[in-house]
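In the two complexes that follow, chain A is the common piece, with chain B as its partner first and chain C second.
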Partner chain A sequence: MHFVVCAKQIPDPETPPSAFRIDASTNAVVPAPGIAPVLSQFDAIAAEAALRIKEASEDVKITVVSMGQESAQAAIKQVLAMGADEGLLLDDPAFLGGDSYTTARVLSTAVQKLGDVDAVFCGRQAADWDMGQVGLGIATLLGWPAAIIAKDVQVTDGRMSATRVMADGFESVDMPLPAVVTVSNELGDPRYPKLQQIMRAARKTVTSWSAADLDLDPSTVGEAGSRLKLERLFIPEVGGEVELIDGDTAQEKAEGLVAKLREAKIL
Partner chain B sequence: MARNVLVVGELEAGGIDSTTAELLGAASRLADGGDVAVTLLGARSAEAAAGAFEAGAARAFVSSDAGYDEFRPDQWAEAVREAVGQSSADVVLMAQSSAGRDLGPRLAFGLDTAVGMDCIALEDDAGTLKVTRPCYGGNANATYSFATAPAIATVRAKSQDPLPPREGASGELVELPAAGDSRTQITGRELAVAEGLQLQDAPIVVSGGRGLGGPEGFGVVEELAATIGTDKAAVGASRAACDLGWYPVSQQVGLTGKVVTPDLYVAIAISGASQHMAGCSGSKTIVAVNRDPDANIFKASRWGIVGDYKEVVPALIEALKE
Partner chain C sequence: MQDASAAIPGGELSADGRSGQPATAARHSVDRLWGPAAAVAGAGVIAAAALAAAFATDAPRAEREIFFNVSQAWAVYVFLAALTGLLAYGFARHATLWALGQPVPGVLEGIDRRLWNAVRLGLAQDRLRRDRFAGIAHWAIFSSIVVLTAVTAQVALQDDTPLDFLRGDYYLFFSFYGDLFGLIGLIGVGMMLYRRYFDDYARVRWDERLEDHLILAGLALVLATGFVVEALRITADELAAHPDWARWSFVSWGFAELLHLFEFREDHLLTAHRLSWWTHVALAFGWLGLVVFTKLDHIVFAPVNAYLLRRDSPGRLTTIENIEEREVFGVGQIQDFTWKQLFELDACVRCGRCTAVCPANLAGQPLSPMHLIQDLKGHLAEVGPALQRAGHEGGDVRSVSQVEMVGEVIRDETLWACRTCGACVQECPVLIEHVPTIVDMRRYLVMDEARVPPTAQAALENMEMRGHPWRGTALERTTWMEGLGDVPIFDGSQEYLYWVGCSGALVERNLPITQSVFRLLREAGSSFGVLGQEETCNGDPARRLGNEYLYQILAQQLAETFQQKNVQKVITNCPHCFNTFKNEYPQWGAHFEVLHHTEFLARALGEGALVPKHEVETSVTYHDSCYLGRLNGVYEAPREILAVIPGASVTEMERSRSRGLCCGAGGGNMWQEEIGERRVNHVRSEEAAATGAGEVISNCPFCIQMFEDGVPAVEPEEAGRIRPFDIAELLERSVLGTDAGEASGDGSHE
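Then we have the complex of A and B:
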């Protein structure tokens, strides 16, 4: 079987809010100095889901695919170090400034070109824009069934089954391959590669495809092909000043807080 | 500019759910003289239509086929597509619910258009629909316009105001086809929600984080909530605490958990990461207990206590009993 893991490189979402900046003239996030971009966390978890199946079955090949610039090699290498077999970078200036539609278009075209793919694993959402639609986009464009926000994924006998995290519990679904699944953190932590695996991944060559390799008209991808137009990116204001309750003991502080809450008729 | 707006309704016992009413309120404001329609799917859809008319819909696309009772996204997408066509919808609104997260992108890609996910503001800017949604883990908001039609948005619960009910209002019922085939089989379902008061409905939410140090810490947090009153306070948790298995995933507050907007949110041993705040920053008042005076949670709080929760929370329980 051949699995694709879609992996995106993003600004570190754990950047402290105080270091988070936006350039209003370009509507873009300014990378925080000294904080390197990372593999989006849910994509590492999607890779983990694919790797668990690979370990449990014979003959699974995993290709990690990222649409991004040269620097996204690092995200690809990380998934290779975790145990994926091949890396594929979709890199073209025409891909820049796209939206979920153009991203899904480029990724689904790459899956088609790979040809023999049985399942695509995505993160539940990329932890930069927090959209959560590229996985379903790939599925819809390819005409494949999909399950989103999975905490458990099994692939056997030409079918995929997944346990999904719902607002009120969990739901198990089953669908024929080829299929797409998006994976959530409830699956568990992604594995840490060993040093030896990191070194082996570093030596691996990553294939790179451009818009021309994918036969994609540049006007249908990137900013030109986008349907959702970003008008403004801004930092929302957060409420006023905190009042820290004084007191020599925990009792005094607790009484002070309860008094405030009662005074404000909140309790 | 007049536009036709279609709302994808969701049902609960007794009729449309509260988010559907909020979406119909938003739809009425955006329609500006255009039509407001709603889709209602499942065995109880026709009886729910009355509530939808009172909440602002002029037309209800319904199918009482029980096949829709279990949400299968491909079947629902097909039905909504049909309603989009028949209503000539310029805008489609649905909730950022388990169903909406699944339906929005399928519908958008299927109709060759775009969807904005988890929108908190919908506005008419000189005839152009603009939607605003949080991104970057809650650190930023982004405003978008649409290059294609219909414009689709999944909308955060409680971000829109319902209309005052138009008692006795009626509207037109249009029958949608029965559910078609689905390639997705639902093989099991496990309900996992706290008993009693639900997180999203509670006027007070008391949440615990990784700083509790273990699952037993939640015992103290639960005791605090019980002292406030089981009819008033529900218990939430940070993702770090849920990931560690200290508290059920269903109680997670935040970007990838539940969004709560209580009158009072009490954060105990939670650092206040942006992704956590994304789920509680709409609370009227936030109060924090944290050992670290520089914790980010205090920046969003009205009142705070710096100290060890092991001392502060029992003291709060005592003070509340007085």
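Then we have the complex of A and C:
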């Protein structure tokens, strides 16, 4: 069997708030100096789901695919160190500035080109934009069934079963392969790589495909192909005022507080 | 655990003889008199004997028939040959097991220092006196065995060689000291018997075995029968002929006088003498035979292990060389240890001193250094022979053992519970170094098996991804600078680099400490700068957590940065940074002077650059962090600071200085969930609170955090609760007149 794990490199979600900047003119996040981008945590968990199946069965090959720039090699290497077999970087200036749709388009085209893929594992959402659409987009474009927000994934006899996390419980679904699954953090922590694997991963070469390699018309991907337009990106102003309510006794203070709360229509 | 609180400082961890700084308190000087006192006592004994001998000069020449009443005494030589053979066989068997280990470089380097260790720590048993009672008892037995062996040898020389010296005054003196040391030995045995059977002293019974009873009972019998033999000989012979000679054997003579009262028939006495003589000889050889089979082998192994003791700092962990070319990184199987580490296992006498001081063990957590060593020893005995066979046959030695050493013999949680505080290593009378052995197995867990507790994994990943271990911090490395005015960035022109460290910059509670140190540095007029955003983790937590690879990457990068910036002197906030810079960075080509801020501040006070002019009405107790105190010997600088702060009174905790108890955070436990009955920081917070002091002063960001967390747990009432501060915060109050609330930086103490 051949699994694809989609991995996205994102700005570090743990960037201290004081170091988080937005360039209003380009509507883009300014990379914080000295803070390296990281692999989206949900994608590491998706890799963990695929690796658990690989460990339990024979003949599973895992290819980790990332659409991104050269720096995304690090994210790919991280999944390789966890135990994936091959890395594939989808890198083309034409891919930049896209939305969930164009990303799904590029990734699904790559899955088609790989040819023999039985299942695609994605994180439930990328930890930067939190859209949660790319997994479903890939499934739609490929015409495959999909299960989203899974906390447990099993593959047996050509079928995939997944336990999905719902607001009020769990839902078990079962679908034929090939299929797409998006994995949630309830699955558990991604594994810590063994040093042997880290070193093996470091020596592996990651294949790189451009838009031309994928036979994609540049006008259908990236910013040009986006259907979603970002109007404005900004850090919301969160303000607060503190007013101390005077009073000689506790009762007076409480009465003053009640009056203020009524005034503000909170009570 | 009375020994842990007995105040005997100055036992060195390090083999290079670098002790703690000079102790000042009176009780410390008493301990330093131990050696001279022993010498004076010894000289006194000899002088008294010589004097007594002088009075006896006009007596007839004293002598006796050697092997009086005993025929076929040559049989003793058969015993001796058998014993020698047994010892040779036994040690050869041990040696073949040690040989399974990896090579140890440098055991033939610094031989003078090593021999001195063998004498001081091995023969002179310097460590033993850290438990005074056991130290005296052991010395009594040790000296007795040495002297009585010499006595026996002289008898043999007199009888079986042309030498003829056992006569006259020397014979009388010989009779005297033979009895004296027999008595000393019995007193030692008595003390040991008391502790094993009557005292409520637990550690000797934590892993009690048949051999412990055999050794003690056997020695008691050997010494007692020695007196019986002598008493019977005197009764049967000397008492009548030369009563004045007999008195020299003062113990046996007493018994002889007693026996005399019964008026036994002479032939009965002679028979009894023969019987007891052979019993004594058989027991003595039997007891010596125990050396091969029991913990008595420490007679040989302890001094050798003292010779093998590391020569570098105890704060330094060994480097895995050429890590990128290795197949196995840590120690997962017994043969991955060095032969010295295997040898050490055999030296252990199960005395339990290590476990008695282990912070994890004190908190009821799953680590006992003694049991760890014994478990490894048992495992070696179990799989060693099969490993040897596989080795000879060229088979795959890695698949020999059916049990996993790391995971089954030594459980993961045992390895993670270690604080690397070095208390066990410091107490061990036979010089076992537990910490490197534990870290070697951690390395296997982390790098080979990737079995890491989730929170420790998060810290490791964070160091890898973000260059610091504090996952989720909202602070930046420059946050602490706010409101301090101009903070100079180090550019190579300043004298000192002030190394703030990840904890000093990224953990809220530590920011006021960093600021205090900064303001004091500025007040002292020193030339210094900081790295600000350019600081990264120096790798220490990764190394202690077992990720040597990550440590090497971080350390090499930072060492390069230091060289580029021409760093010559560094002041650190954190004893862990201090230790790794001082003891581990020279290996990466980064040679610079390292001061902990306590050392710098003490120096600045001494030079008058800082003046503690404001009265600080407070009572404090001082907590020695392990990495500044025990592992680097800095006990005095912080106490010098405390001594000059007007108004501050200091109460020491029972466990202090070299006996200080870890706060619980060492060895990467800052980032782990504790498993066990209690938390170490609760134990230590209780000890601090028990002093009745208003503040517990430390020198380490981890210790401060552990106290901040531990104190409210053991003192739920906020009023009157002991408050944790760094020594820089306290000193700032006196130098700059800030108040404690300000210095603590947050409002939680108001």
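In this section, the second predicted complex is superposed on the first by the 239 of 267 C-alpha atoms of A that agree within 3 Å, B and C clash if a C-alpha of one lies under 4 Å from a C-alpha of the other, contacts with A are read in each partner's own complex, and residues count from 1 in each chain.
What we mean here is this: a residue touches a chain if its C-beta (ideal position, glycine included) is under 8 Å from a C-beta of that chain, and two chains touch if they have at least 3 such contacts.
Quick caveat: nothing in here was measured; it's all calculated off a predicted structure.
K.L.:
With both complexes overlaid on chain A, does A:Glu14 touch chain B (first), chain C (second), both or neither?
P.N.:
Touch status of A:Glu14: both partners.
K.L.:
Quick check on the superposed pair: does A:Arg232 touch chain B, chain C, both, or neither? Answer first, second, both or neither.
P.N.:
Touch partner of A:Arg232: chain B, not chain C.
K.L.:
So, does A:Asp59 touch the first partner chain B, the second partner chain C, both, or neither?
P.N.:
In the superposition, A:Asp59 touches no partner, neither chain B nor chain C.
K.L.:
Pick one for A:Asp157: touches chain B only (first), chain C only (second), both, or neither.
P.N.:
Neither chain B nor chain C is touched by A:Asp157.
K.L.:
Scan A:Asp116 for contacts with chain B and chain C and give back first, second, both or neither.
P.N.:
neither
K.L.:
Answer with first, second, both or neither: which of chain B and chain C does A:Lys194 touch in the superposed model?
P.N.:
Once the two structures are laid over each other on A, A:Lys194 reaches chain C alone.
K.L.:
Between chain B and chain C, which one contacts more residues of chain A in the superposed model?
P.N.:
Of chain B and chain C, the partner in contact with more residues of chain A is B.
K.L.:
State which residues of chain A lie in both footprints, the one left by chain B and the one left by chain C.
P.N.:
After superposing on chain A, chain A residues 14, 16-17, 189 contact both chain B and chain C.
K.L.:
For the complex, give me every residue of chain A touching chain B.
P.N.:
Residues in contact with chain B: 11, 13-17, 20, 22, 29, 99-101, 104, 124-125, 127-133, 136-137, 139-141, 145-149, 161, 163, 165-176, 184-186, 189, 226-236, 238-240, 242-245, 249-251, 253-255, 257-258, 260-261, 264, 266-267.
K.L.:
In the complex formed with chain A, which residues of chain B make contact?
P.N.:
Within the complex, chain B contacts chain A at residues 74, 97-98, 101-102, 104-106, 108-110, 113-118, 130, 134-137, 139-148, 183-193, 228, 239, 243, 249-250, 255-256, 258, 263-264, 273-275, 281, 284-288, 293, 296, 298-308, 311-312, 314-316, 318-320, 322.
K.L.:
For a test of understanding, state which residues of chain C touch chain A in their complex under the given definition.
P.N.:
324, 327, 329, 446-450, 452, 454, 457, 460-461, 465-466, 471-476, 479, 533-534, 549
K.L.:
So in the complex, which bits of chain A are touching chain C?
P.N.:
Touching chain C from chain A are residues 12, 14, 16-19, 33-36, 38, 189, 191-196, 198-199.
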